[in-house]
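What follows are several structures.
One chain, subunit A, appears in both complexes that follow, with subunit B as partner in the first and subunit C in the second.
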Partner chain A sequence: MPIKVGIPRTLLYYYYFPMWKVFFEALGAEVVLSPPSTKRLLAEGLKNAVDEVCLPIKLTFGHVLDLAAKADLIFLPRIVSIEKKEYICPKFLGLPDMIRNLKGLPPLIDVNVNMYRNKSGAYIAAQEAGRFITSNHFKIWNAYRQARKVQKKYFRLLQLGLMPSEAMAVMEDRVRNEHLPEPQDINVVLIGHPYNIYDSYISMNIIKRLRSMGATVLTAEHVPEKIYKKCAACLPKKLFWTLGQHMIGAALYYLNRHDVSGMVHVAAFGCGPDSMTGDLIERYARAAGMPFLNLTIDEHTGEAGIVTRLEAFLDMVMWKKAIII
Partner chain B sequence: MKGYIGIDVGSVSTNVVFMDEDGIVRDPIYLRTQGQPITAVQKGLRKLRESMPPGVKIRGVGTTGSGRSLAGIIVRADAIKNEITAHAVASSTLVPGVQTILEIGGQDSKIIILRSGVVSDFSMNNVCAAGTGSFLDQQAARLNIPIEEFGEIALKSKTPVGIAGRCAVFAESDMIHKQQMGCDLSDILAGLCEALVRNYLNNLGKGKEILSPVVFQGGVAANMGMVRAFEKALRLPIQVPTYYNVMGAVGAALLAREAVAKKGQSQFKGFLVSDTEYKAGSFECSGCANQCEVVEIAEGGIIIARWGDRCGKWGNVINQKEKIS
Partner chain C sequence: MRATFPHMGNLYISIKAMLQYLGVDVVIPPPSSKKTLALGVKYSPEFACLPLKLNLGNFIEARELGADTIIMAGGCGPCRFGYYAQIEHAILKDLGYEMELIVLEPPERHASELMVKIRHISGSRSWWQVYQAVRFGFQKARTVDDLEMNVFYTRPRELTQGNADAAYQEALKLIDLASNPAELKESRSKAAMIMKRVAMDEKKPVLKVGVIGEIYTLLDPFSNQDIERRLGSLGVEVNRSIYLSEWINDHIFLGLAKGLRSKKEACSAAHPYLRHFVGGHGQETVGSAVNYARAGYDGLIQVFPFTCMPEIVAESILPVMSKDYSIPVLTLIMDEHTGEAGLMTRLEAFVDLLDRRKTVKEAL
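After this line comes the complex of A and B, so read on.
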């Protein structure tokens, strides 16, 4: 029987899941994914997580607990840096050690992912992770090569305008040919951490809601790396965290696009970087005359508040547009 | 006479207005919701019918406020819109050229910025209800003065005391402290008004350009102490429109007029709504771990609408024969 490797459907799942799935499968393991977030998973997470962390980290606790009974190993790398000369939020760094305190968990694959000095940090992490399953170095190298290829394809699909769930459906051949989203009357940019905006439970289905109200949703993940990095470099001072850079770079790029009618920023309550990037983006959006809405999500957000704000925001955007035309 | 009905179902009050074809508002009705939105809507419609001359034709109905979907289903409204849009539409029609709308209701407060007749920015209070009508109500009750006299007493003050208005809980202890020190009641009330205005402008007005004409509406606009505190803080004249407490309903009526003009005819059920028996019930769906609270509305024992489910399993399919649970 193959070893079962559990991967929680949270945090950087939305960026790197296709890669690690192929990697572990090429090594002969079976990948078990936690189910999409639900009230129960979040409740489990809230019960077990420390109080100070942000909503998505609390949710991760719930996902990991769900995997405890299903997997032999849980893949929970200690992510230090995913870009050269940049760090990622320190909560990612502490995550495996926070989770380790939970009872009844299988062993964690808590390898360090550190690409601060150079990009080979990813391969080092893969090597260490692979050793949990096989001691054959060549097999690991081969699996890593396949995984990289898949990852490139996945990022290309995202840049075509697909959402992570749609792109993954294409990667796994669950759909023949995923249609690109039909262009709608207005384009709305949705900026936020990937694990907040793409998790349909904690984001209260914001993407589907915006689409059903007649908007095409654009996100930071649709912007190619070169472009958002160039835009983020326009800031007087570099922002520390990789994801914050990505968000602000993409926001600045979209602010210059004339076909964009509005921008929505989703912040998690208790997220330090969000409170800063959100405010920075708001100032730039205001200066550019772009309609801007800031939504804060936390564990007891009522759906009604989000719906009212989104509705009013889209009314405002469409009203403005109707008068300009 | 022909006209449109606007219904605003808020957390504290339910307002119904009749607006004739020329946009003149007649018969504003202001009721307390008292936790029973359905009954309040029925009562409002009954009162409206009694106050109207015979032979009036209803061309359309619009609903707004936090209970808008519930009310919209009961009367089969032509327009169901969020309160921000409704308030903006009403103000810009009744007060031409308005650039800033301050709105403080029972449990929420909002600021709407308009430029050349179009909403350009808005903001709504978050989870915190400090500084809204309910808090003023509660304080008036604690000091044993009728809420209607609150403003008048506050106006008598010459030297308002300083009160911390960041949080309703702290504001209350600060007020008690000042009262025990022997400060004059009118000075305490005026100080409270100023604290609430400060809190409002810090929370909602942050970064927004507040330009004259400024309109102050919502139930709290009846409080002259608040009006004066706003004038003092903004150094701008504040207008309180005639129908300040039913502006949402006026907006809903205007939106209904627009919707009917587009559609051709109204789908209003008629005044018999107020004599039909409606029942609302709810149950927890056990289909998945989300355990959504599904709300259902029955008309004469037959379910006419359901909502609250994330997946659409209940909301989309309504079996007409089903009985309410």
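After this line comes the complex of A and C, so read on.
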């Protein structure tokens, strides 16, 4: 029987799952994914995490606990850095240590992914992770090569304007023959950490809601790396959070686009990087005269409150557009 | 140039010494107060951490006193502190306060970046004089730290409550007034004399508590509601995991000054629990907790500002460590809403608990 590797459907799942999946499958393991977030998973996380951690981390606790019974190993790397001279967030750095002490967990694949000094950190991490499953170095190298290829394809799909779930569906050939969504009259930018905006449970399905209210949703992941990095470079100092830099660079890019009518920023309650980047984005948006809505989500967020605010925001955006025309 | 810098406990004593030694016109912001905090809270991002809010309040108040240049430290992440100066500058700019910003931080490309900034502050002084000034500032920091350690010892044992604090304030003032190394030497011995005059009961049994956590809330009595003094008056001898001079030695002198605790010890002690640095002082917090437990302390208090990321990681890990070493840990989170009464109640309860544990342990 193949070894089952559990991958929680949270945090950087939205960026790297296709790569991880191909990597582990090429090594001969079976990948077990935790189910989409639910109230039960979050409740489980809330029970086991300290109060102060942010919502996505609490949710991760829930997902990992869900995998405990289903997998032989849980893939929970310590993602220190995925870009040169940048970090993710301190909580990502301490995640395996925070989770390790939960009861009844199978062994964790807690390799360090550290590309702070150079890009070879990714391959080192892959080698260490691969060793949990096989001792064949060539097999690991080959699996890593395949995984990289898939990852490139996935990022290309994201840049075409697909959301992660749609891009993954394309990758796995799950697309049904459906009508393409009609182009809508307004473009709304949705800025936020990928694990907040793409998790339909904690974001209260914000992407679908915005679409059904008649807006085309643009996110930071649709902006190619070169462009967002160039835009982020106009900050007074380089931001040392990769995701923060991505968000702020993309926001600055969209602020200069004339077909964008509004910007929604989603932050998790108590998120450290968001408190700084969100503030900067808001300052730039105000200076550019862009309608801006800041939504803070936590475990108590009520759906009705979010819907009301989104509706009011879109009304405002449409009025503004009507006046200008 | 009229330079100002943010408050952090007694930090102003050594920075002021250093800058004045270089002949810079210094504006010390008024001591952090409710007003400072109110100003900071009003203009800062809602979820920014407490130190940023207090820094901003300090700058606004210093500007009212005529400061036009801010000297700030920086960093390269992942703790938010690395981006403080830029955010604060953006906020001040939006408020219409044009202040020049000089951020002293590890250079991005070349060491000359930092040297240019120091040149800008020091003007025409020679590098030798800059070195002398930094040395003088560091000596003051060490003297102040010695004084703090002294008062931590004296406070729980004093015969008349308040004597130790009065002596401490008097001694601090003396050290602050010293304007060159020779004077500092004299003030140091005078300060020691003043502290010695406090009548103490050396035999009194005291509880020993290690205070660990985030550097700003540890070093700044305003932001931690004067927790060390409160503990002292409850009969607790306090030790702190971070002292200013140790921090300077670790981060600026790269451990060149001998005879101080270094962060390496703390980080290696943290290893079984937290195997990687997490920014800020997260790993040091866990490591110092282990070291205090090994040294036979009765309890630990972790202090950090609300939403501080590295300390939240440490907070999630401390319960395991606390169980392994069977040492009680109290976590106190500081923000602009922290009330005095709530804090006092918790401290009293915690000290009672430690006291009872100790009595039981000694009876067995």
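What we mean here is this: the second predicted complex is superposed on the first by the 318 of 325 C-alpha atoms of A that agree within 3 Å, B and C clash if a C-alpha of one lies under 4 Å from a C-alpha of the other, contacts with A are read in each partner's own complex, and residues count from 1 in each chain.
As a working rule, a residue touches a chain if its C-beta (ideal position, glycine included) is under 8 Å from a C-beta of that chain, and two chains touch if they have at least 3 such contacts.
Not measured: the values here are computed from a predicted model.
Trainee: Aligned on subunit A, subunit B and subunit C: do they clash or fit?
Mentor: They fit side by side.
Trainee: Look at A:Leu93 in the shared chain and tell me whether it touches subunit B only, subunit C only, both, or neither; answer first, second, both or neither.
Mentor: Only subunit C; A:Leu93 stays clear of subunit B.
Trainee: Touch check for A:Arg174: first (subunit B), second (subunit C), both, or neither?
Mentor: After superposition on chain A, A:Arg174 lies in contact with neither partner.
Trainee: For A:Lys230, is the partner it touches subunit B (first), subunit C (second), both, or none of the two (neither)?
Mentor: A:Lys230: touches no partner chain.
Trainee: Which holds for A:Arg257: it touches subunit B only (first), subunit C only (second), both, or neither?
Mentor: So A:Arg257 meets neither subunit B nor subunit C here.
Trainee: Between subunit B (first) and subunit C (second), which does A:Arg309 come into contact with in this model arrangement: first, second, both, or neither?
Mentor: A:Arg309: touches subunit B, not subunit C.
Trainee: Looking at subunit A, does subunit B or subunit C touch a larger number of its residues?
Mentor: C
Trainee: What angle, in steps of 10 degrees, lies at subunit A between subunit B and subunit C when each chain is taken as its C-alpha centre?
Mentor: Rounded to the nearest ten degrees, it is 80.
Trainee: Should A:Lys152 be classified as contacting the first partner (subunit B), the second (subunit C), both, or neither?
Mentor: After superposing on A, A:Lys152 lies clear of both subunit B and subunit C.
Trainee: Check whether A:Pro291 is in contact with subunit B, with subunit C, with both or with neither, and answer first, second, both or neither.
Mentor: first
Trainee: Between subunit B and subunit C, report the minimum C-alpha distance in the superposition, expressed in whole angstrom.
Mentor: For subunit B and subunit C in the superposition, the minimum C-alpha gap reads 6 Å.
Trainee: Please write out, lowest number first, the residues of subunit A touched by both subunit B and subunit C across the two complexes.
Mentor: Shared contact residues on subunit A: 283, 296.
Trainee: Could you pull out which subunit C residues touch subunit A in their complex?
Mentor: Within the complex, subunit C contacts subunit A at residues 45-49, 74, 76-80, 82-83, 85-87, 89-90, 94, 103, 108, 273-280, 282, 306-310, 312-317, 320, 333.
Trainee: Inside the complex, what are the residues of subunit B that reach subunit A?
Mentor: 66, 81-85, 116-122, 124, 126-127, 207, 288-292, 310
Trainee: Flag every residue of subunit A that touches subunit B in the complex, lowest number first.
Mentor: Within the complex, subunit A contacts subunit B at residues 35, 38-41, 201, 205, 282-283, 286, 291-292, 296, 300, 304-305, 307-309, 311-313, 315-316, 319-320, 323.
Trainee: Using the touch rule from the top, collect the residues of subunit A that touch subunit C in their complex.
Mentor: These residues of subunit A touch subunit C: 49-50, 52-53, 78, 80, 85-91, 93-94, 96-98, 101, 112, 235-241, 267, 269-276, 278-280, 283, 296.
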